[in-house]
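First chain written, first letter: the chains are A, B, C, D, E and F, and each begins at residue 1.
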Amino acid sequence: MTLMANMTWYEFNQRKDEDVVILPIGSVEQHGPHLPLSTDTIISEGFAELLGEHINGIVMPSINYGYKSQPASGGGPLFPGTIDLNGLTLINLVKDIIEELIRDGIKKIVIVNSHFENQAFLLEAIDLVSKCMPEGTKIIMMSWWDLISQETIDKIFDEVPFPGWALEHAAITETSLILKFRPELVHMDRLIDEKIEEVPKYQIYPIPKDLVPKSGLLSIGRTSTKEKGDLIVTEALEQMIKIVKKELL
Amino acid sequence: MTLMANMTWYEFNQRKDEDVVILPIGSVEQHGPHLPLSTDTIISEGFAELLGEHINGIVMPSINYGYKSQPASGGGPLFPGTIDLNGLTLINLVKDIIEELIRDGIKKIVIVNSHFENQAFLLEAIDLVSKCMPEGTKIIMMSWWDLISQETIDKIFDEVPFPGWALEHAAITETSLILKFRPELVHMDRLIDEKIEEVPKYQIYPIPKDLVPKSGLLSIGRTSTKEKGDLIVTEALEQMIKIVKKELL
Amino acid sequence: MTLMANMTWYEFNQRKDEDVVILPIGSVEQHGPHLPLSTDTIISEGFAELLGEHINGIVMPSINYGYKSQPASGGGPLFPGTIDLNGLTLINLVKDIIEELIRDGIKKIVIVNSHFENQAFLLEAIDLVSKCMPEGTKIIMMSWWDLISQETIDKIFDEVPFPGWALEHAAITETSLILKFRPELVHMDRLIDEKIEEVPKYQIYPIPKDLVPKSGLLSIGRTSTKEKGDLIVTEALEQMIKIVKKELL
Amino acid sequence: MTLMANMTWYEFNQRKDEDVVILPIGSVEQHGPHLPLSTDTIISEGFAELLGEHINGIVMPSINYGYKSQPASGGGPLFPGTIDLNGLTLINLVKDIIEELIRDGIKKIVIVNSHFENQAFLLEAIDLVSKCMPEGTKIIMMSWWDLISQETIDKIFDEVPFPGWALEHAAITETSLILKFRPELVHMDRLIDEKIEEVPKYQIYPIPKDLVPKSGLLSIGRTSTKEKGDLIVTEALEQMIKIVKKELL
Amino acid sequence: MTLMANMTWYEFNQRKDEDVVILPIGSVEQHGPHLPLSTDTIISEGFAELLGEHINGIVMPSINYGYKSQPASGGGPLFPGTIDLNGLTLINLVKDIIEELIRDGIKKIVIVNSHFENQAFLLEAIDLVSKCMPEGTKIIMMSWWDLISQETIDKIFDEVPFPGWALEHAAITETSLILKFRPELVHMDRLIDEKIEEVPKYQIYPIPKDLVPKSGLLSIGRTSTKEKGDLIVTEALEQMIKIVKKELL
Amino acid sequence: MTLMANMTWYEFNQRKDEDVVILPIGSVEQHGPHLPLSTDTIISEGFAELLGEHINGIVMPSINYGYKSQPASGGGPLFPGTIDLNGLTLINLVKDIIEELIRDGIKKIVIVNSHFENQAFLLEAIDLVSKCMPEGTKIIMMSWWDLISQETIDKIFDEVPFPGWALEHAAITETSLILKFRPELVHMDRLIDEKIEEVPKYQIYPIPKDLVPKSGLLSIGRTSTKEKGDLIVTEALEQMIKIVKKELL
């Protein structure tokens, strides 16, 4: 694995044609009282680097900002510290970067995402690029939660019931992942037992201030551990490697 | 309920301030061998008109085209007859229409959606409008599947297991809804027992041709009945009315 | 003729290469005290379906919203119920739909327009598409009034003098056409004998409120009859068929 | 009248609040074998300067490029030397300039247009600006042909019948106007007696090469004289002054 | 040299393949108490025409409006009379014009710029065009100050020290150039001995009103003469011809 | 100084009103055989963090991608590993981020830039935001090279002559800065004594491959030392603090 940020262009130029380039994308978004604003970026970078190690990939500098936080998957835009990009901006940003990679001859691109709300806009960017990309180019987008089996979910949610992935915001899985990737940034002592009481079945604007708990916690984070982080990473990483090997190598 | 399409502007002008305006949005998208391309629009219009009847709402002409079909929720863009809008186009279209309503003094707007892939882009449009709309304006977006209880799901999926909402494409719920709203457009005799074998855990471009069954069916549609359509409509409609009453009336 | 909305994708997929696809586009615009807001859409759909019948065409779901109403051809944006799209939005909307048709292999596309103000923006959309469309693709745009002969004009304006096409808004020709296509939506008893007194020779913004009559009528609608609607339809349809046969078949 | 181009900013800054600022807009478009490519710009500038003289207006530097030439009003885009802007570009260009004027405190703006195809896009630009311009700001758009009476038309078309304004391209009125404004640029000896044989009743893309005469002439230009140019200028100018006085002064 | 504005399309059509087309671009920007608002356009046109004479080029109508004036190179946007285009507008404007030239078969394009702030946006436009232009097409952008040697600078700044090109706004070089190209527009008697006292080392918004002298002068203009204008023109023109010959002929 | 990335939203929410938020922006661009692709980002982050320490500022996650590299200031787009954003993308990206900060109540924003080509587009973003930002908001953009005195330049260029800031790419100042900030990423042994032979006085597209040395070095990097890095940092930082104190505190 090499970090593109640290490579000289000579080194980047010596990559082989089968090399995979990995683009991590995160967000700046509230993650409750105990997790850092860049939680999603940390997770994307963590996975991207591990994946890069196993497939000899090149990890690009992260896109540190993401699409607008939604109340029922990220707490929404009203939390100070949540910095949201407009849809068009994110589409163009990802499109430009991929097109530049393609112009440099890259044929195998993996986008590692950890911010729920990014998904539709990342796909729009890739779709637009794919309308006229050279034969043989392949672009994959992966979000870690899509790679977790029911079995692992059962292990992680041993005590607290699984609320579904959208609501797993700043809760057990993300807390466990930061406990693994950047434990010094987790303040377990500040974590409180709060969750969204009633998941909204519709969207309303202006977004009401009391839609989500004041803490920004959507689900219970108690029982988060580094070991659960290991569990998630092990499985998701295995899946990522499998996918890349199947589709790109 | 009045259809805005059929109203004169004099009639529209006589609406009261508390009147709710309802905008149905659908898609032109493959729905297997047995359902029409405008399935989503028919469902949105069906719900919009029923809702309109109960809350004395005004139903606008539909947006007949929607965002790009995705393989794991609509079969994807490769099916002939699927007509996809770019993200920016849909955002602007919905934004313009809402802004015009607001300029006409409308304060209560409900968007009824039935196309899974529209969601993120509808919210982006509403969010952009909401950044500078007059005090007191409220915009709600509802997708019928978010309003169905586990109890009803259990009734509908009495024989076939529930595959999750994304995969419920051209399957039991949509077939049952068209059997209710436009039975003459359903070809039950052409329905085959096919479903997506392995739900992709990631997105890859160019989209592989064999990702979804050739029929475009993502889940089993067998056991669809008008009665199940009634069940869905009854519950979703009740919820819609409840939401509108709570938030807008 | 088949309505694409009602077709399954299997059916759409069985079309022949010489099949023509027809896209009706209308507007939501004030049409005086006696005609519905969707007058233009009704007329476009009416013509599209008749044309489709004669050339075995496929009629797409309508674009129900159009470009901004202008005072001297539609009364302008100040009438409640007139819902105007921005130019860029309409351009992109039509461009996306045509490009999707082309991606599906369609080579013969007819746009049927009935909203005066749409014209420049429809042409811009088609022009942008045409810059890189496959050899052999042909796109036609038709507005019914361009197809009416002086002879027919003389018959229709037997009593009331012909005010020119731009001013024929919510007047004899449109009223007659709705009397033909959707007579139940015409309120002849509410029609009053009002017209724009002085046609503005220039455009001024902000648009003055008294530029057009309060009723929204730009010309005299008296003497409208279903028979005149028949006359218009017969001639315009004949021309449409002739054009399509000459250019596309 | 002062040309803004020649003013220092000190001079511009000394204008009074009731001063009118005039923006001429033209095109670079084929005008047959005998008229210059900037015919429209010359006419717009000619009128703008004359108007400026009578109302003590400030004439801005021209927008020298305009919207896409259409076959039946300008010959279309296939003629070498015709340089067409995209719709969005022209909209933004005019919008930016007007918004800058408004930021400088200007309240009275007149756009003088001489290119048929510009109209819809100029209005779109003005409409977008007008959505949030300061109270009291007024923007007028004028095209000279809208200001010509039937009486004058009868005088000008004494021999050749009046083909309608759209087709009056590079024909008697424009030739006469250039004979007035820039006689040295008119090559009457090269003018031939050619006109569009059959005016297309619909638009088709790709634009056929034989839609208009090879010369680019849409109507007969014979009988053009400087005197007819005088006639047009006298009447149009009188109208322009009247309009500005009524609306702005 | 021929001015495209004055050519008929027949004449434009007779150009040879090796003909160079030259596009001058300027601005409407304050240039102190003594120079006209269109100073930059005058200079660009002046150079374009001289260059055209020497290489038998075709000079297009100018783009009369440019990108936003910056305090430390043009005084900034706060001066009345400075009319600024948004970046996207200028990019699209230049892109459209070049693309139209290319569609007309032009292969050799020279953009002559005289407005410091235009540079980045002109290059963006050219870069976007160049991504898909036909083999053999070449586009050059030149700003006259880049072509002046140290030797000439020393001659021009014989008394007043050279402040650097960015600050040479409305100062000796531009004044001398207008004294050469349009002496009747220079008011030497109004020129005062003022200059920016402290060149800002950073940019701050909102732009402070006292950042630049009230006169808009950034550097000393004293000692400007027509002879210095000659000197600049002679050298820059020689360089322009050399560049065009080397790269395009 | 706190890194926003590492803060919880609770912590971010406890900032005081006078707190300054700092946004570093870099690029992914070739920097010769010896410096990393993220050289600019490293420098921006380095300065941002040091500045943050001295003014108790909050440092945002970096924008890791920048505007298109130009041959004469960065080697240009042809070097593999140089990833360029389109102008519009960068404008929107920066605009969105600043607008979100403002929505969160931030009034004091500093953008720290280290990529020459970013400048015009950053200013465009800030200008667009500034058109409607709340009273009292201030946004500063700083590039470190603008803050270096002639005295320091003389010290740094003790042996090699100063080539001007644009050409100081991957040369003494940047190498010295990376020797200071991230010495382990500098490969002094690979540095060769190469520089651009003839600085182009104009821009030409397509960009010729031999415009800059194959190494990507534009100027001599020999004599780079950590000590020189210290010198630059000391002075630039002192200036930055001074500016922030003067303008924001």
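Just so we're on the same page, a contact is a pair of C-beta atoms (placed from the backbone, for glycine too) under 8 Å apart; a residue touches a chain by one contact, two chains touch by 3 or more.
All values reported here derive from a predicted model rather than from experimental measurement.
Where touching is counted per the definition, chain D and chain E have no chain in common.
Put simply, the C-alpha centre of chain D and that of chain F have 47 angstrom between them.
Centres computed as Cα averages put chain C at a distance of 28 Å from chain D.
Here the CA centre of chain C is 55 Å from the CA centre of chain F. Chain contacts: chain C has residues 77, 86, 88 touching two or more partner chains. The touching chains form a single ring; listed from chain D in the chain E direction they are D, E, F, A, B, C. Across the interface of their complex, chain A is touched by residues 68, 70, 77, 86-88, 91, 117, 119-121, 123-124, 126-130, 138-143, 146-147, 201-207, 239, 243, 247 of chain B. Chain E contributes residues 4-10, 12-13, 28, 30-38, 41-42, 60-65, 77, 79-86, 88-89, 92-93, 95-97, 100-101, 103-105, 185, 187, 190, 216 to its touches with chain D in the complex.
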